[in-house]
Amino acid sequence: MDSRQRAFIIGAGSGLSAALARRLARENFSVALMARDVAKLRPLMEETGAIAVSGDVGDPKAVEAAFADVQSAFGRFDFVVFNAAYRTRGPIEELDPAEVLTAYLTGAFGGFLVAQAAARRMRAQGSGSLFFTGATASVKAGANSVPFSMEKFALRGLAQALARELAPQNIHVAHFVIDGGISSSWSQPGEGGPADKWLDPDAIADTYLAIHRQHRSAWTWEVELRPWVERF
Amino acid sequence: MDSRQRAFIIGAGSGLSAALARRLARENFSVALMARDVAKLRPLMEETGAIAVSGDVGDPKAVEAAFADVQSAFGRFDFVVFNAAYRTRGPIEELDPAEVLTAYLTGAFGGFLVAQAAARRMRAQGSGSLFFTGATASVKAGANSVPFSMEKFALRGLAQALARELAPQNIHVAHFVIDGGISSSWSQPGEGGPADKWLDPDAIADTYLAIHRQHRSAWTWEVELRPWVERF
Amino acid sequence: MDSRQRAFIIGAGSGLSAALARRLARENFSVALMARDVAKLRPLMEETGAIAVSGDVGDPKAVEAAFADVQSAFGRFDFVVFNAAYRTRGPIEELDPAEVLTAYLTGAFGGFLVAQAAARRMRAQGSGSLFFTGATASVKAGANSVPFSMEKFALRGLAQALARELAPQNIHVAHFVIDGGISSSWSQPGEGGPADKWLDPDAIADTYLAIHRQHRSAWTWEVELRPWVERF
Amino acid sequence: MDSRQRAFIIGAGSGLSAALARRLARENFSVALMARDVAKLRPLMEETGAIAVSGDVGDPKAVEAAFADVQSAFGRFDFVVFNAAYRTRGPIEELDPAEVLTAYLTGAFGGFLVAQAAARRMRAQGSGSLFFTGATASVKAGANSVPFSMEKFALRGLAQALARELAPQNIHVAHFVIDGGISSSWSQPGEGGPADKWLDPDAIADTYLAIHRQHRSAWTWEVELRPWVERF
């Protein structure tokens, strides 16, 4: 096994996952990606040399199978990032309970499944970084955002519990509050304003990498990121 | 329909639900209770005149049926309190995914189902109070408490989103962080210490009632309650 | 000495202090008031039977003298409320350092002086409530509000430290985040909107009294209060 | 004027300021230091090529003079870090009001003075980073820590207000919560435990630099740093 670091990004497809894969590849990491639909990852895989596994992140068997596959290929997990999320919104009276549950299964229970699979392996290794991607709704639940707020609050609860539980095991757990729209993603309308009014995924990736590289004598468990012009 | 206020307490059985039922009965509220096992509520029903409905709080049909039953009896919902919770804990590696999901379904998704049923009726009425019972883990996720932290963080996200969404509809949403063990409940070992080192459920009920009675020009959405000797 | 409770309200003059004095008088408390200018309190004193002492709340000698005077009259302090504040705002570049310091001396250091004088007497008594009035800026520091944010954050730090330090001494410390304008006060423009879009000082006083009356087995150290229509 | 970045560290002397100066010098920054006693900085100045100015950070004239001196030497301020603090503690009854005020003047009002001097210059430049060093007491006020909690809460209020005010002016304001003792500093007893149970000042400096280098499309305003073994 060579000395390259191994990264596994779950919930690939968004601007952030792709930017992170590119950045890690440039830094000489081996990268694996998990997505429901792997076909659309083809260009990214070619560009970065990443491997990919498909599966539903809310399904315990699928998550375990994905980790087993990547373990066969990589042998270890230095850096695992959970990026999956499911967005739906509406007034409380109009929400479909089935969809509220789906949001939780994807964005919170999926995070738990990934965390469990990663923690088992990282404890055996004796080290690792396990990062979760949050949103404004992780810390501020807004009107008409019950499903996403429940999903994101739960994911933050998971990350905070794990930070307390796993840090003394030499596993760095961190949670990122992405407070604003990411450029080139779903949230970017065409309207005007300063050129960098949206979060640049490459800039987000820079901070993920800096936090991954922190020495354990000074670890951060939570980081908010927002554009300079964002109100908060 | 007489002028008595109508209260519905979901997740009945704990010391807090019983204390609240007794206190509300003394204040001349009509009280309904929902629990998985109604048989054990018999003494409380006789003492307070409360009615009871059985059902699984994580089941959409059961929650809707319970609200329909209580509506037939009471005609309205002035005060709805969600007290259900599911406690389980352990190191991340040893958790059973099925139980993590059960915890969420009971203590968080159940809260959503109750909130939806209550909000629909309260919006039609033009008023109401909708309160949720949290715990230390609602705001501080500790080591080895992933399932309860995810459940309680999600419930708090629900309550906060609803506070922002429903307050302008004249519906008072509040979340209570019960930071300590409740006396006469699961958490009270027999050990020594000051007589009131545990939260007295009657004292908790006093504050729930005081917050319910707040004038809407000065509403509180979140209240922490802890014993005078509790460290925080 | 009769059995009436004794209250001392510091920073009297605002709508809240007057409403609290009236409410406490109706509940049969003996009330004392401290203000820089006592003359303007004359009508309130006649209405409520309150006594008054004058002095600058940021001056250690004045605060000690005020407590000594009230102690001579009342013999004890069951309920002390610190309401003083100094508001000033502006862009960081334009602020006058002398005024930033005055804001701190009045609204934060004054709170410390009052807390010290009250804590010494309450510890000797073996009980008491010590409440501090905060604002939106206590928990959310906004643009162009450096002086008020520094003052109010510091006051909250004082209250939180004292809650941890004094609760086990049977002294109930609480901090109130008044999130919105108080009607009949400086902040109320004449504009339209719902009738109760401002915080009614009588409604605020209700909650102060309810928190003062909490049993020590379930104390609250912080309460946010905002109008039903307030965005947060 | 050459293209090197210019940094100014206020409150120099601690392990963190020295580590930051060394790290910035290695990254080719020009570094200036401000301390009450410049004599003790001599070895650090020789090692890093830093210049130094003396003065009391709580004195408006001294702060303005220090900025004027450094401006003469450097011409601009790319990175200003406020590290000054004053620690004192004790039960509320025993605190000396004069010392409580000194703590505020040094660690909070001093931060305001530095912020004002830096903001005026950075707005003229069109850019800059302005960082503040906090502590556990910035977010959690503990028993017997009234003076330090008031000082540190106020400094955080300052930083948060400025983050909202200055970010849209292209000035990056950040606040660091150093949650634990820094090795080689006052707080390190000789006791055992893991080798890196204290925060390594070089590791802290790494994160300050990473945050300074963030692209403005994804800025962080607050970062907690704690050793892997620290309970929180």
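Chains: A, B, C and D, in written order; residue numbering restarts at 1 for each.
Methods note: a contact is a pair of C-beta atoms (placed from the backbone, for glycine too) under 8 Å apart; a residue touches a chain by one contact, two chains touch by 3 or more.
This structure is a prediction, so every number in the text was calculated from the model and none was measured.
Trainee: Starting at chain B, how many touching-chain steps does it take at least to reach chain D?
Mentor: 2
Trainee: Which chains does chain B share as contact partners with chain C?
Mentor: Chains in contact with chain B as well as chain C: not a single one.
Trainee: A-D versus C-D: which interface comes out with more C-beta contact pairs?
Mentor: Ranking A-D and C-D by C-beta contacts puts C-D first.
Trainee: Which rotation angle, from 0 to 180°, best lines up the CA atoms of chain A with chain C, given as a multiple of 5?
Mentor: The two chains, chain A and chain C, differ by a rotation of 180 degrees.
Trainee: Looking at C-alpha means, what's the farthest chain from chain C?
Mentor: A
Trainee: Could you classify the chain A-chain B contact as same or different, where same means more than half of all interface residue numbers appear on both copies?
Mentor: same
Trainee: Could you give the separation in Å between the centres of chain A and chain C, each centre being the mean of its C-alpha atoms?
Mentor: Once rounded, the distance between the two centres reads 45 Å.
Trainee: Please tell me the distance, in whole Å, between the geometric centres of chain C and chain D computed from their C-alpha atoms.
Mentor: Inter-chain centre distance comes to 32 Å.
Trainee: Which positions in chain B touch two or more other chains at once?
Mentor: 164
Trainee: If we count contacts the way the header does, which residues on chain C are in touch with chain B in the complex?
Mentor: Touching chain B from chain C are residues 164, 167-168, 170, 172, 183, 196-200, 202-204, 206-207, 210, 213-232.
Trainee: Tell me, which parts of chain B touch chain A in their complex?
Mentor: Residue positions touching the partner: 60, 91-93, 95, 97, 100-101, 104, 108-109, 112-113, 115-116, 119-120, 123, 137, 140-146, 149-162, 164-166.
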